[in-house]
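Attaching a single structure in structure tokens format; questions to follow.
Chain IDs A, B, C and D follow the sequence of writing; residue 1 opens each chain.
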Amino acid sequence: MMYGATFPLLRAAAPDWHAFTHHPFVEGLKDGSLPRAAFLHYLQQDYVFLIHFSRAWALAVTKAETVAEMRACAATVHALLVEEMRLHEGICAEAGIDLTGVEERIENLAYTRYVLDSGDLLDLLAGLMPCVLGYGEIGARMLREAGETPYRDWIETYGGAEFQQTCAEAGALLDAATARRIGPPGTGPRWPALCHRFATATRLEVGFWDMGLRP
Amino acid sequence: MMYGATFPLLRAAAPDWHAFTHHPFVEGLKDGSLPRAAFLHYLQQDYVFLIHFSRAWALAVTKAETVAEMRACAATVHALLVEEMRLHEGICAEAGIDLTGVEERIENLAYTRYVLDSGDLLDLLAGLMPCVLGYGEIGARMLREAGETPYRDWIETYGGAEFQQTCAEAGALLDAATARRIGPPGTGPRWPALCHRFATATRLEVGFWDMGLRP
Amino acid sequence: MMYGATFPLLRAAAPDWHAFTHHPFVEGLKDGSLPRAAFLHYLQQDYVFLIHFSRAWALAVTKAETVAEMRACAATVHALLVEEMRLHEGICAEAGIDLTGVEERIENLAYTRYVLDSGDLLDLLAGLMPCVLGYGEIGARMLREAGETPYRDWIETYGGAEFQQTCAEAGALLDAATARRIGPPGTGPRWPALCHRFATATRLEVGFWDMGLRP
Amino acid sequence: MMYGATFPLLRAAAPDWHAFTHHPFVEGLKDGSLPRAAFLHYLQQDYVFLIHFSRAWALAVTKAETVAEMRACAATVHALLVEEMRLHEGICAEAGIDLTGVEERIENLAYTRYVLDSGDLLDLLAGLMPCVLGYGEIGARMLREAGETPYRDWIETYGGAEFQQTCAEAGALLDAATARRIGPPGTGPRWPALCHRFATATRLEVGFWDMGLRP
């Protein structure tokens, strides 16, 4: 994956990428210093986020050009709608939180609607990738570094083998989609726009963490 | 379901509905008189149809307004892309047919692109329903009526409990989507347009069977 | 228009509506106290806003169901792309500002992508209306109240007869679109969602003015 | 334009292109042998076609990535909705035909919905171009070749300077859109799909003329 299509994207977003993957919110999850209220607030917003993120992956199914692309995107819709969102529903039910009445924050809305407003599959994937790859990178690092923390479940979800496999598959999907529409990563006139999109989505991730710290 | 949202739709499409569900192609499947070449031709076109029909159900996920609606539509995407299309892939592989090079017929293209070009979820469902409900009705009748026929597998797929359950769920989805957006079925100013859409999709089903008889 | 479809929408957004139409940014335009740098910053962001707002009105053409609806929406696309944006281009050219390199702010992006992500025409119009009606209301009030101010051109643009006519036509389009899809304003199950959408777009207008004060 | 982006597209569609631009319907317009009933039937279907074709050009505004692209596409929406459709409305009003109740034929529906179901702007333009360029080519040839015919108005519309200018601008738009997204025409992996799309739209044009001969 290192020299695949994610390489020029990650390079273009480098400073924001570090701000995203090493955000104080993340460090607070790692060392357990994140207040419970902030975590539950984040979880509720993340639930609304996942609704629209699932819609974006479903949109990817409609933009796919091969059955293999369709199946890869549809598998992600399933993973989000059935597996990941059930996790949030479970934790929030335990905490007595009703997820149906959550008021979507502007920072949340900005991110998902930006991603949804896309051209072809590649353009859409450039907006979807930061969340997938970033959570994968954050999870993997935290699994290595984290000590005692009440947020170990969260860390094991994103650092665990299943989500790491999801990231690898998303990277492979991006590589194949790039090969089909552009050719070798980094060639052709579309990269500045794709990099801008990936970098903007990364900045929107930073804004999402910022919002998480303001319940 | 009898007095649900499907009732005004089916009533509006009545003459075309009979032409669709009792088409010579269908009767040929039932009594086994359909030539094998016509069946394999149909199956290849149907495979391309299912690609775009899956895209339309994925589009429904993006147009859904509740998590329940999203999950119902995403389950159908999964059923089509993974289960139903694998069936076609299996039969065609056995017959030595390569599904990647199938040239999509105009009658096929007309149907799915018409369905995809839709307003809200209800508008989209009005275009999706004839195929789901019609195949369910055809399958159930044929299971009762069919004698010896080489197409028993096809009949059991659509007449069987699993697909009949799919039809019931699709009807329930339509009812709930109607209640949420319009109120009681048949009330409000949108029914003429919804009925027109359902009737047009039904006529496009008739055109699809016609095309099936012309390999 | 008072008892038309805008009535339930405006009522639902009342507190935010006042914050939008009487924002410090607006008052600064009126009495001339708004710093020139803030105005030029706003104008550049507004130019990017108008690009995506034009896209949203073009999307409305694709969602229209009658030729009259199509023509009304297309006329707005033309007014925005040709007339309103030329105004920005003129002022910015004079000020030596290159509009091609403007970095879109998050508050800007949030608004237009939220509006673009819509169901049927009515849903889309509920997101488009606050900007149209609000600027009309602001312009009309300022034309009555404003004294000496360097921003008189801006005030005369939105308070002038032509833009006021645009607002009246947008209100008539909304009324007709409502009659066609729902019936009498305020009836049927869709109003809570439409009101929520109108209120959210109004809050995003407030956020846009806030951003305008932070060059 | 000869060696622009239209060159590989036209080459790929060559046999169908001739069938489209030299169709019996066209020859009947040229020598005046086309029955009046067929012409009026065609005109009514063409009116419905133009509704959806305008929607497709409006969709192009939403997919545009530069203000220049937006303005070019919006100008076409205006030309279709205001100028070209008024022509049909005028002729049909004179002939006592009510355009609101026209039943859209399958061959008509197939074409426009196929074009509307598109990826990025380039993909959409590949579906839109055959109609624009083909009518331009037909009109120019007929203006040279036609003798006495009752359909001289039609010929002068599409052979006239204004429509020929529209064709030149559409070609320039395609060239610029190609340069921005792919690079030199004919390079990169997307051409087979773009050519297939252009060729399919050309075949759908042939089907439209065929339908025109069957009132």
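Basically, a contact is a pair of C-beta atoms (placed from the backbone, for glycine too) under 8 Å apart; a residue touches a chain by one contact, two chains touch by 3 or more.
Just so it is clear, the structure is predicted and the values come from calculations on it, not from any experiment.
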Mutual neighbours - chains that touch subunit B and subunit C alike: A, D
Interface residue overlap between copies subunit A and subunit C, same or different (over half shared): same
Which of A-D and C-D has more C-beta pairs touching across its chains: C-D
Label of the chain whose CA centroid is most distant from the centroid of subunit B: C
Subunit C-subunit D separation of Cα centroids, rounded to whole Å: 34
CA centroid of subunit A to CA centroid of subunit C, Å: 32
Whole-Å gap separating subunit A and subunit D, where each centre is the average of the chain's CA atoms: 42
Multi-partner residues of subunit A (each touching 2 or more other chains): 116
Subunit D partner contacts - residues on subunit A that touch it in the complex: 63, 65, 119-121, 123, 179-183, 188-190, 193
Residues of subunit B defined as touching subunit A within the complex: 51, 54-56, 58-59, 61-62, 64, 67, 70-71, 73-74, 77-78, 81-82, 85, 116
Complex contacts: residues of subunit A adjacent to subunit C: 106-107, 109-110, 113-114, 116-117, 200, 203-204, 207
